[in-house]
Amino acid sequence: MDFASPLPAYLVKRYHGWKATSFAENKAWYRHLAEQGQHPRAMIISCCDSRVHVTAIFGADQGEFFIHRNIANLVPPYEPDGNQHGTSAAVEYAVTALKVAHVVVVGHSNCGGVQGCLDMCSGHAPELEQKSSFVGRWMDILRPGYDRIKDLPDHDSQRRALEKEAILVSLENLMTFPFVKEAVAAGTLTLHGLWNDIGSGGIEQYDPDTNAFHPV
Amino acid sequence: MDFASPLPAYLVKRYHGWKATSFAENKAWYRHLAEQGQHPRAMIISCCDSRVHVTAIFGADQGEFFIHRNIANLVPPYEPDGNQHGTSAAVEYAVTALKVAHVVVVGHSNCGGVQGCLDMCSGHAPELEQKSSFVGRWMDILRPGYDRIKDLPDHDSQRRALEKEAILVSLENLMTFPFVKEAVAAGTLTLHGLWNDIGSGGIEQYDPDTNAFHPV
Amino acid sequence: MDFASPLPAYLVKRYHGWKATSFAENKAWYRHLAEQGQHPRAMIISCCDSRVHVTAIFGADQGEFFIHRNIANLVPPYEPDGNQHGTSAAVEYAVTALKVAHVVVVGHSNCGGVQGCLDMCSGHAPELEQKSSFVGRWMDILRPGYDRIKDLPDHDSQRRALEKEAILVSLENLMTFPFVKEAVAAGTLTLHGLWNDIGSGGIEQYDPDTNAFHPV
Amino acid sequence: MDFASPLPAYLVKRYHGWKATSFAENKAWYRHLAEQGQHPRAMIISCCDSRVHVTAIFGADQGEFFIHRNIANLVPPYEPDGNQHGTSAAVEYAVTALKVAHVVVVGHSNCGGVQGCLDMCSGHAPELEQKSSFVGRWMDILRPGYDRIKDLPDHDSQRRALEKEAILVSLENLMTFPFVKEAVAAGTLTLHGLWNDIGSGGIEQYDPDTNAFHPV
């Protein structure tokens, strides 16, 4: 594999800084985690976006959260077809092996993936409609959400509503997994939807009573 | 969606703490990121494992790294078959839209996904071989790596070698994506492989010259 | 221009070392920066002093910080008189064109410029009071700071206090620039003052609540 | 000064990393530098641009280089008019107090300041021609350079030539300072001009024999 390269120096420097400070101060805990395994309390499903790190927002320390990150924090529907479903594998592992108590779907403002979905569904991004577009096919998961918001009057309200649909569609799809539905029914798992506004730092959560998002 | 629940109080408390401290101190930067978009330098592909947060190891602040996390930090081969490939979508977005300069695959010790793959491939986990097992089908990506390490003498050396194969197989698969291969050839993208030992805090990087992993 | 000379060999050697190592490992990132432009998060205003490199203290990699360095890290007041103000130009470019989120003024111990100001203001350096002294005229910016510390009992405490005044006067002067004041009011820019003790490696930051400097 | 803010957490983290590694390994040297003062070998005049850190290119360790950074690495002509000239003060201090052996002017590709000068001088940036534009007035220093390159056939060659003029004009202006001219004549100071290509990592130096820039 002669195509691989040594680590850029700035990452080496960052690593040595962490090793000499955070790691050094917590080495007993790291040793414990290595020997006793992980027992995270929650699974968090969030976006790859560099501006939304749930480790920061929830002050995640090592061992607390099992975190899956993909484009636009999407969960596809349950499809046990023998193909490779990375998100479904992560959900399965968290719920059936780790037995987490919560799955939290965290969406956010200014999402490039959601914007791409809006462009594609409204006919402005033919390149995303091609079979070979991985981003386009991935955003197909959100098409049911687009149908629910497409009659909103302007682009900005459509985009913001679609960002929230990315959370709601994922929550709906989570419930199509038998092991999720059973755990929720048994009271051993709760599901949560959050939307983060990058610029203001605000977080709104989905409230099932009003079927709307409200500030936390 | 009456199955969704309000956010657990401990997460609300964590969020308010972050909002009043880290966010408050950096609100100008968050505003900038919301208005100017993200320009991350690197994509990091790491595991969902709660014990390995690259945001900690590399002191990642908002805006610096585009992070995809899945079970066992795997990248599947290039398959533009029209199906949903979340990892491939993340790689496509990072390389072709964000034009990141580096893709870093970060594996780790004590990986539950890799352990499952070892059990499955050695015939000790028939439940993972079922068509309906998402984790099993996802770990199929690592089967070519198992073939290369299966003759090692004992279980511990097999597991450690397979953790590193999860990094190498992913690097190999990354190069099957035409846009990755082209960017690497053009010198606008470099690929890197790292393995983190949770207990000791050590990091080893793949060195193409010796075809082995060495401490950073 | 026959007065110019070829580069000293030691700098040629240093450059070739960098090119073969740091640059080679990061060439994809340098290419990215050249093609996509810079998006630095912060402007840092520090002293020319060879002992205080903020690139070291903050592990600055290429692209992260827009750095202005002058004698004693001073910012003059807003004076749009048509004359050449290099520091004001740098501040204008950082805030209005690059839209940085933070401006950090970094002062330090053992500052030759501050010592010169103290000597001049206390009547012990007539050569700095001459019209033709560029250092003297530049240090005039700090005279309002001298007035606030001149009654301290001894020379050492006066010097240390004046080093901190160099930071405070600069922060005050920054706020006289309309575009700085507006950005601070709008929450898109924050201002920070730091003092570095060269010998101990300590850093103190200005705390507006106590109107004093405290260790970070 | 209630407008000042505490240091953003990411800078605090960076600082603690540096303190625990680079500083800890070199504390004897830092102590020495604090007690014995600085004795830098060279002054470097470079741009504020976040993509060009001479501390990286020349592997600058603490104590080696006295570094002045301003927009477009410009030195104005000698003007002892009693006004505040930050660049002239830095040159005066380096040459007459520190008695550095070299002054190196380092320009670079993709320079926003030089681009602004080109736009202004060619009549495409009236906002930079206003008296109140600090960037415009600062770039006036480069107008003599524009006159020498304005007849080049296309914009790209004009821009690249003007980037090199920013170095040559500065070298010429350095020689208008009596103390610089004397030190050069006495053989105690040499002047050097470099141009860095950000994307390729190349460095060209001004060669007085051919009156052109050649790769180092």
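By written order: A, B, C and D. Residues from 1 in each chain.
Just so it is clear, contacts are C-beta pairs under 8 Å (C-beta built on N, C-alpha and C of every residue); 3 or more make two chains touch, one makes a residue touch a chain.
Just so we're on the same page, UniProt names per chain: A, B, C, D = Carbonic anhydrase.
Small disclaimer: the values here were computed from a predicted structure and weren't measured.
Compared with subunit A (Carbonic anhydrase), the chain whose C-alpha mean position is the greatest distance off is D. Fitting subunit A (Carbonic anhydrase) to subunit C (Carbonic anhydrase) on Cα positions gives a rotation angle of 115°, stated in steps of 5.
Taking the mean of the C-alpha atoms as each chain's centre, subunit B (Carbonic anhydrase) and subunit D (Carbonic anhydrase) sit 41 Å apart. Note: centroid distance subunit A (Carbonic anhydrase) to subunit D (Carbonic anhydrase), computed from Cα atoms, is 45 Å. For the pair subunit A (Carbonic anhydrase) and subunit B (Carbonic anhydrase), the distance between C-alpha centroids works out to 14 Å. Within subunit C (Carbonic anhydrase), residues 22, 25-27, 29, 31, 59, 63, 102, 190 each touch two or more of the remaining chains. If you draw each protein chain as a dot and join the dots that touch, every dot ends up joined to every other dot.
The part of subunit B (Carbonic anhydrase) that touches subunit D (Carbonic anhydrase) in the complex is made up of residues 21-22, 25-26, 29, 59, 61. On the side of subunit A (Carbonic anhydrase), the complex with subunit C (Carbonic anhydrase) involves touching residues 5-10, 13-14, 17.
Of all residues in subunit B (Carbonic anhydrase), those touching subunit A (Carbonic anhydrase) in their complex are 1-8, 11-12, 14-19, 22-23, 27, 30-31, 33-35, 37-38, 40, 42-43, 48-53, 55-60, 62-71, 74, 76, 80-94, 97, 102, 104, 109-110, 112-113, 131-135, 137-141, 168, 171-172, 175, 184, 190-194, 197-201, 203, 205-208, 211, 216. Residue ranges on subunit B (Carbonic anhydrase) touching subunit C (Carbonic anhydrase), taken from their complex, read 25-29, 31-32, 36, 39, 41, 63, 99-102, 183, 187-190. Put simply, subunit D (Carbonic anhydrase) touches subunit A (Carbonic anhydrase) in their complex at residues 13-14, 16-18, 20-21, 24.
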